[in-house]
Amino acid sequence: MRMDEMSSAAFAEAVKKDPLVFLPIGAMEAHGPHLPLGTDTFQPEFVVNAVCENVGGIIAPTINYGQHSSTRNFPGTIDISFDTLRSLVMDILDAFQRNGVGKVVIVSGHLGSVHRAAIKLACERAARQGLKVMFLSDYELAYLKKTEVCEGMPDGHGGIIETSRIMDIRPDLVSSERTEGGFVDMRFMVRADAESCLPQGFGGDARKACKEKGRLVNQFVVDTLTDLVRKNFEG
Amino acid sequence: MRMDEMSSAAFAEAVKKDPLVFLPIGAMEAHGPHLPLGTDTFQPEFVVNAVCENVGGIIAPTINYGQHSSTRNFPGTIDISFDTLRSLVMDILDAFQRNGVGKVVIVSGHLGSVHRAAIKLACERAARQGLKVMFLSDYELAYLKKTEVCEGMPDGHGGIIETSRIMDIRPDLVSSERTEGGFVDMRFMVRADAESCLPQGFGGDARKACKEKGRLVNQFVVDTLTDLVRKNFEG
Amino acid sequence: MRMDEMSSAAFAEAVKKDPLVFLPIGAMEAHGPHLPLGTDTFQPEFVVNAVCENVGGIIAPTINYGQHSSTRNFPGTIDISFDTLRSLVMDILDAFQRNGVGKVVIVSGHLGSVHRAAIKLACERAARQGLKVMFLSDYELAYLKKTEVCEGMPDGHGGIIETSRIMDIRPDLVSSERTEGGFVDMRFMVRADAESCLPQGFGGDARKACKEKGRLVNQFVVDTLTDLVRKNFEG
Amino acid sequence: MRMDEMSSAAFAEAVKKDPLVFLPIGAMEAHGPHLPLGTDTFQPEFVVNAVCENVGGIIAPTINYGQHSSTRNFPGTIDISFDTLRSLVMDILDAFQRNGVGKVVIVSGHLGSVHRAAIKLACERAARQGLKVMFLSDYELAYLKKTEVCEGMPDGHGGIIETSRIMDIRPDLVSSERTEGGFVDMRFMVRADAESCLPQGFGGDARKACKEKGRLVNQFVVDTLTDLVRKNFEG
Amino acid sequence: MRMDEMSSAAFAEAVKKDPLVFLPIGAMEAHGPHLPLGTDTFQPEFVVNAVCENVGGIIAPTINYGQHSSTRNFPGTIDISFDTLRSLVMDILDAFQRNGVGKVVIVSGHLGSVHRAAIKLACERAARQGLKVMFLSDYELAYLKKTEVCEGMPDGHGGIIETSRIMDIRPDLVSSERTEGGFVDMRFMVRADAESCLPQGFGGDARKACKEKGRLVNQFVVDTLTDLVRKNFEG
Amino acid sequence: MRMDEMSSAAFAEAVKKDPLVFLPIGAMEAHGPHLPLGTDTFQPEFVVNAVCENVGGIIAPTINYGQHSSTRNFPGTIDISFDTLRSLVMDILDAFQRNGVGKVVIVSGHLGSVHRAAIKLACERAARQGLKVMFLSDYELAYLKKTEVCEGMPDGHGGIIETSRIMDIRPDLVSSERTEGGFVDMRFMVRADAESCLPQGFGGDARKACKEKGRLVNQFVVDTLTDLVRKNFEG
């Protein structure tokens, strides 16, 4: 069930049964020349829809913007600050709790460590206020398939796995002209031109991407998350 | 064009032509028993899509949450604070400017005065930094049709006009069981139970709503906004 | 009774009777060439004094500065930020509550929407903490007389009504050389030069102002507010 | 000249001559059973008026609330936080600078160290932005007369000097029933009941106060400050 | 050179040569029953001293407190908030830059992801202001030796490597009674009792720790960091 | 006992006996050409160590950075903002309280009034939460010896007393080439070049300093503080 399609009364009724509420967190972020800016929105929305079909629950409207460091200077990255993101998640979780919601699953498409720290702090506060809250990036699961899918090649932002996943979810938005993106080790330097760690704007051999790999990874993410959600909230 | 469907390169190319960027601001807010919680999201998205078709431009992803006072205690209202909303709009406008965007149109579905003050402050700051920015709630236009559509009856949140508009946009989400919602004058008292100004959770005779009235208002809003945008940015 | 003239002991004694406490909020704002910068201070102080004489209570010291958008760039406007104004009102209301005050009436001279949003947020917080608090700008009442006093002419900031009111309250401070101020429709553009909506620095035909009109409006504001205060706090 | 009585145009004209702007900072603070809550407002307003008559300049509206620690729990103390006070002074100084004001003299009636730290930080920021700003509490001057006026007796908040000064400025507000207030050494303990350092709510033998002593001290403060202002801004 | 032992003049002289400034960040954190609370302070101080001997530079005073999530509820963990830590590092980096320092190396003993996000954000801001800044936790290097030192056993907070390192640095502070600490998978749940992921308060078989392993790891960290610093700042 | 050398278990055990916890606050601040930047760290650490030996208790790790105004522009002063310092002390006191600590003694080497206001506000908050907290700068005691030690000469920052104290504590860090530092009266002006009040970077005749004077003052500070601590916490 999509929360934005429910009436106030229907929502109040649904909350009485202590449902799971899913909160997808997307992003507007450059993902190389072959992927759309909404890549990190399409993926968690896909995952949340599928998992919600498996386990039931309510899907809250997506947070469409996130915090970005390394891709911040690429065209089309619309980043919000750490503080804004943290406040946004805090406020939404507070409102959920005030509404009687007791169980929340947050899935972020973007994997950035600072981005996730902002969300984690908001979750910690909600947990101290009594909320049962689960938080992950679907990439924490998707990259478990890296060895299998990428055959030992380095892969990352906008690489084989991400391109494949979008080819499965929104094939119309993936360019057929794809190349390989390299990685530059920053050796712990924190730089104003952090994007220089991704000289092509993405990392991995996007030519190796295909819909089948995407389907495999997406299915794995959905199955694994379904299982985790069941164990965490039903067990 | 939807921004989330554009690649980084396509966006960079598009920005060179100094396009309009539209930012819809929605809400998750109780609108009486007959309307969906996403009412204030569906309307500005509809309006922005239609205006953008008329005048061209890029549609950025929707901000799906807003600030609420009087409906805050009704089930399903998920409100974010003044500060969070202001920061969110500030950050997004900053990122637009850093990306070279020069013209932004913000359309909010929710009409609350504090909600709009938050967005306005963010716009003022962006304007001082050089952005050409237009901001309105589509209800500032829609209510110009109040006399014509409501025949002298009081109408407001979730009333004739709003119900009619959603019947035009998302008829599947409007309940056919509708009643009349009253208004209680708060006489300038600021109360913790501010929702008591709307005893039924909405205001106006929702039974009088119909798709035709909705179409009339929606068309008026789109036409008027199209005209205003042209005058403001093309003139 | 003026609070600043009471001793600590006298105040403690007075609070036991659960008195109304009035908090006037003024401003330092350009009001065209014919009115003083303190226009929005003189008016609420006048109103509060008169209402307090009618219904009893304690008058707290005036907040002498407010938040301004459209007149911010005119000489003599001394604006404080939204956050500062909100904090200031919050802190004062908190201190009132800590002192056992249970009923507060806030009257702001300035009518700006962002200015009022700041005060309203502070009032909402106090209300949730148990304070009975009433908040209005005296212009929300004064403008009810617009049709009667201005004979269909557009009137606003520093116009007929405001000039007339100051002619009644502080005639020594109103210039006899007065002209007409125009209005420019900003068409929802949020501009850095927001003052361009008032090319002469005020809006309305100030030549039409006179002491009698001022007295009429002031009396109406005082009577109406007296009545509202009685209904809200005594009923 | 009082700024609130000047028109925008008159102010703009006056600023061209690079005038001094005086900003009095008052307080709403318990001063024992014999003095009014506005004691720390009446004094700096008196001083500023007198000095301004000597050296010329513009008097801005008073900030009527301050930050309090030791008297916070006494009835009638309306304290604002450190942050609010600092922001308030910052915003006002910013607005002065935006208006072209180059020289400001701030006189606070309240002598609290944390209160003054808030104002000082705001002044330091303004100074770094180019403002010539002088800041003192008139008690930094008044207490220079302690030995002469108090004949070796301990004297402080609401004591001989303060009572005498108010007897000179607002004799109608000083009670004729006065006693002696003791001091308790807190030995560097920071306590929630900080007011226990003043068991009677004031410190010093208020019976020894008289109008003549007040006049002497007030004259000294005015003369000394006049001299300091001349040296600082005219030299 | 220790900065706290240098005079102002000596520091000014040294800065002219564009030296490296090292900033160690420690913590006060529970590390199981066998390790001292200052474990995460002793390690980066040791590392920084050794690296500074190799490459030269100035060592700034240690930040002795950090941000903690999972160990927050164990006795002796003194955590500061994300915001405080970020501000602290920001302010210090700002002051370094104001002093003409151009190259900074920050080494944190604590590896927490939120803790590091706070420091990283401060570094990013400084980098945008022109500072060349390197930031890492020495554990990002130390754990490269996990396979070699722990022989396939899971190891973490207060485990084999950490215990061994402290046995090398401060053998007097390591208890000889040591046991094994387990790990509990939180399955992405964010919990108020986050410490339940470490039922014994540490993770790994601390009985397997010894001074020799500690020396090996410490030497590896020092050598690797020396090399990285040279490449980053001298190349 | 140093807290950083205690294990979690040992700390938990010690806290049961309701011990004093000492928190030294140091600084990195220019103290003229003859004294080290860590002067205000060495002194409170010395004092706290000695007092703790007399009365028992636990010494928490030093806060190594403080807030500075007048010396901010001298080389080597690393200042943190008022807000950062306040938050840092707040967070640490909160964590102490969460750990069951009930008695804290804070000794700051730096005497700045704004610096102390930040710490005082943090202490006031903790006191309201139930902590017994004592806060002073050791210079509030040391300067009680000014008449005796300085023979009527003006003395201050980096002068006779401070130089003498460091000659007693860290004689290796005091230069033998010492001169006299003058004082310039700022006449209440708040200036961007606040350091001009100390033309030589310190104030007082540092040539008159000697180890014996330092020992005398240090002994006096330790004895007096020992006595005060006993009276405050044991009485």
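For clarity, chains are labelled A, B, C, D, E and F in written order, and residue numbers in each chain start from 1.
Everything below uses one rule, namely that a contact is a pair of C-beta atoms (placed from the backbone, for glycine too) under 8 Å apart; a residue touches a chain by one contact, two chains touch by 3 or more.
Just so it is clear, the model here is predicted, and its values are computed rather than measured.
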item: Graph distance between chain B and chain E, where chains that touch are linked; value: 2
item: Partner chains shared by chain B and chain D (touch criterion as defined above); value: C
item: Centroid-based (C-alpha) most distant chain relative to chain A; value: D
item: Maximum centroid distance from chain F, chain identifier (CA atoms); value: B
item: Whole-Å gap separating chain B and chain F, where each centre is the average of the chain's CA atoms; value: 56
item: Whole-Å gap separating chain A and chain B, where each centre is the average of the chain's CA atoms; value: 27
item: Rounded Å distance, chain C centre to chain F centre (Cα mean); value: 49
item: Residues within chain C bordering two or more other chains; value: none
item: Category of the chain touch graph - line, ring, star, complete, other; value: ring
item: Running round the ring (origin chain A, first step to chain B), the chains in order; value: A, B, C, D, F, E
item: Chain A residues touching chain E - in the complex, by the definition given at the top; value: 69, 82, 113-114, 116-118, 120-121, 123-124, 126-128, 132-136, 140, 187-192, 194, 228, 231-232
item: Residues on chain B engaged by chain A in the complex (per definition of touch); value: 2-9, 11-12, 15, 26, 28, 30-38, 41-42, 60-65, 74-81, 83-84, 87-88, 90-92, 95-96, 99, 173, 175, 201
